[in-house]
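Below is one structure; the comments refer to it alone.
Naming follows writing order (A, B, C and D), and every chain is counted from residue 1.
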């Protein structure tokens, strides 16, 4: 049986139609890297601005009319109600169009969709965040939530990597986290440059070096598919059980609600049953389906 | 269950005329060079002579090839969206085959469970299915292997049984019963008619010779999911076109795209197919770029994944995918030859 | 639909940057008169023009498309215009068969020194397009 | 022919001259055949040759890696040559097992001729210039031209133009061009407006399954222009405008590679007369440049070659 609680979300449908977007207005744009921007936006509709809620890890479908629609993680913290954020890397037709938008421009927005992170899974435990590139945007809301409620968690490790120093996103967050003594923040790049003094190495390798303790721990992984595929074996080697490995996945999506068919991993749909999965849920479909 | 009414085939036109009050009647048609269900023209009933099944399945009537989801326009105060005016007419599909009716019940689940799909469901609501039993199934039919049959009336509102010059009318649902009760001028069924109907049913059941063994199929597919050699071998001759999925009465995958000119346009949804590489293609990665993965997805979705969610195989055995395939790729051969673990 | 007096054909032209674009430039600087119905897209070579561009222009509603390049033998890249010639020839003939009026697809060789020829070619084509009327090929029936 | 084919195929596999044999086997429905791609010499007995071998198997050449023995009819062999011309296939990697073809039977024509669908036919066999169709135990004879595919009717090169093995005597052309291009002639007689309206109507039906493209050996692009999104030339929404634009452009792209094998039209589930486009393009190419696809593996492909003077009357 399908296990989605739609009832809660129905109030966010525009005119009762799940496919119809709401209008949001861009209020600020932050250039994260040469190809990634973070959009700060709010609903045009006042009622929604006040009522809209979501869970960390959930995503929404953003549209530019005439160009199409694509899913992005909501990367702001659910507790901050004044605006929403999403980070977009320029990779195709729609994201190119989004990057051409300026402050004050409108986008379509429908959501939130997906399951989000279930916080009770993490509480009282050590949490290891493993992120690559723009994959951090999907974990960011959770990380902030964890930091804001620091006492509820054990040891926190954040391992974040990008292809090069120029590809590191959310540098302002990275700095804050570096300086936070209650966290162990490790930043790495695949290839350094003349100014880079930090660590060099692929995320899975760095993870192996850091070797976090699997006891009473949960690892949360998000990044490009190739990174995810190489990270799971490392975690397994370190002694993590599949149920202790959590990931949030990205797939081509059109509907966001488990109908259009393309984002499945076996019988699970990333949009409907995910995007957050434990490795235990998806490991049977290991041969490249995620 | 067995009906007590019948109608002479000559009078089908009259019957359809009566039913046209309150319904938009769709009948099998080959007007547009390919067989499909089209709006009845009010006169022609010669489909009774040629109709066996349509190439285009009646899913089109509820889930069309393309449809406008909403329109949008940019004005000074920003974008405005507008839903299309929903056509309020109730569809009556006359002559739907039992397999296609079952397929609609499968689409109902897919579009209703979890989030509801407003477009499909509004068309489907209050529609009426008048089934016509298959006295002459194709050699590509294998409905009997999937719990259906040429006279399976489970998913229709009214079932018609062709006993020669006349059609017996079986009312199945309340809606069907009401419609038949409201229809004047039907004749009473005799014992001889009933006996004849029984005979027709039996003989046509035996005409469905293509078979698959669905016993334990989910387990078998699960076991061979990783068997790349097998999937590569069976997928070699597939051309990755979308015929099988587009003509399939239970395939419901779709794509969403915008069509716009200057400051206005509309968002459309249209059929999509898991056979296309572009279907899952992302800018950096394509989880199903290889053909064997796509073929595996089509087979496994129908026979392994869909049943996990809905307890029913998402295939009704209509055989369109086999009949229309340009390379005669036959899903039954695949399913009957799944590797068993050595 | 709109065949009123004020209708003016829109002609899209792909001009090679070495010959025809320079020719068009010369037509302008030497104040040769030709109709303002033309929109020019500069291309590196007439060989750059994919038949798809021509069809797309018609779909977008241009009334005619002109591909203009260097004379055979004069191509800056030696052979680009020869390839263009084959492509344009089959495109023109094929689209004619499909039902596109032959006047809508045009080609010319205009050298950098032929400002006069460019003006003439454009004038002639615009005149022909006026006779054929607006491009309703891809219009939806209303 | 079948026995010889099986022997040859077996020998090729045994001697290690090829990794695969691509041929035909009996299909799962009445009268049909289906492509057979085998590696194992024990499978050669599945190979068949009969008047129902519809597919142009050369479509698989660009996809399957390795040395391949391929069964080819006249038109198929020309597709193979065309692929060699385009550097898609190397001659050393293919062993062409030529089938002298005398026309392939179009089951749709058979159905129309006897007014029965294929399931109802007991037998369809070719006997020389006749086709014998058995329905309800009753034998009916028709001239073979009545049931051959349109492209077979006008076929100039029924015998493979290039082969390593020929399974039988060369066959002579079936010269029935009038019937073969009947629809084209009809269209040529219409006004521009009528022709455009005709195609508009046909492409209104198109469902964009891309069978025409995928079945076509000349359509070998890794990424088709319809799938481009920056810029998006063709909308994925199957409106007739974009459907027609796709098909027109596709025909132009395969000009000089199309051998008039008729696969596009045969594959189309919506019965769009695609061959009436492809064949016309073939004729245009022949008329303008005296070029016919797939006759000379050493010749440059049509659109990468030129003559100093040609087609000048089309240019101002």
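Definition applied: a residue touches a chain if its C-beta (ideal position, glycine included) is under 8 Å from a C-beta of that chain, and two chains touch if they have at least 3 such contacts.
Just so it is clear, the structure is predicted and the values come from calculations on it, not from any experiment.
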Going by the contact definition above, tell me which chain pair has the most C-beta pairs touching. A-B
How many angstrom lie between the CA centroids of subunit A and subunit D, rounded to a whole number? 49
Need the CA-centroid distance for the pair subunit B / subunit D, whole Å please. 31
Could you state the distance in Å from the CA-based centre of subunit C to that of subunit D? 35
By residue number and range, which residues of subunit B touch two or more other chains? 255, 257
What positions in subunit A touch 2 or more of the other chains? 92
Residues of subunit D touching 2+ other chains? none
If I apply the definition of touch given earlier, which pairs of chains qualify? A-B, A-D, B-D, C-D
Applying the document's contact rule, which stretches of subunit B touch subunit A when the two form their complex? 69-70, 72, 74, 78-79, 81, 83, 110-111, 113-119, 222, 225-226, 228, 252-258, 260, 265, 267, 272, 274, 279-285, 287-288, 293, 297, 300-301, 304-306, 308-309
Could you please specify the touching residues of subunit A with respect to subunit B in the complex? 1-2, 4, 6, 14-21, 23, 25, 44, 63, 65-69, 91-92, 106, 108, 224-226, 250-252, 254-255, 257-264, 266-267, 272, 284-290
So, in the complex, the side of subunit D touching subunit A is made of residues 229-230, 232
Of all residues in subunit A, which touch subunit D in the complex? 92-93, 96
Seen from subunit D, its contact residues with subunit B in the complex are 27-30, 32-37, 55, 59-60, 64, 117, 119, 205, 207-211, 213-215, 227, 235-239, 263, 266-267, 269-271
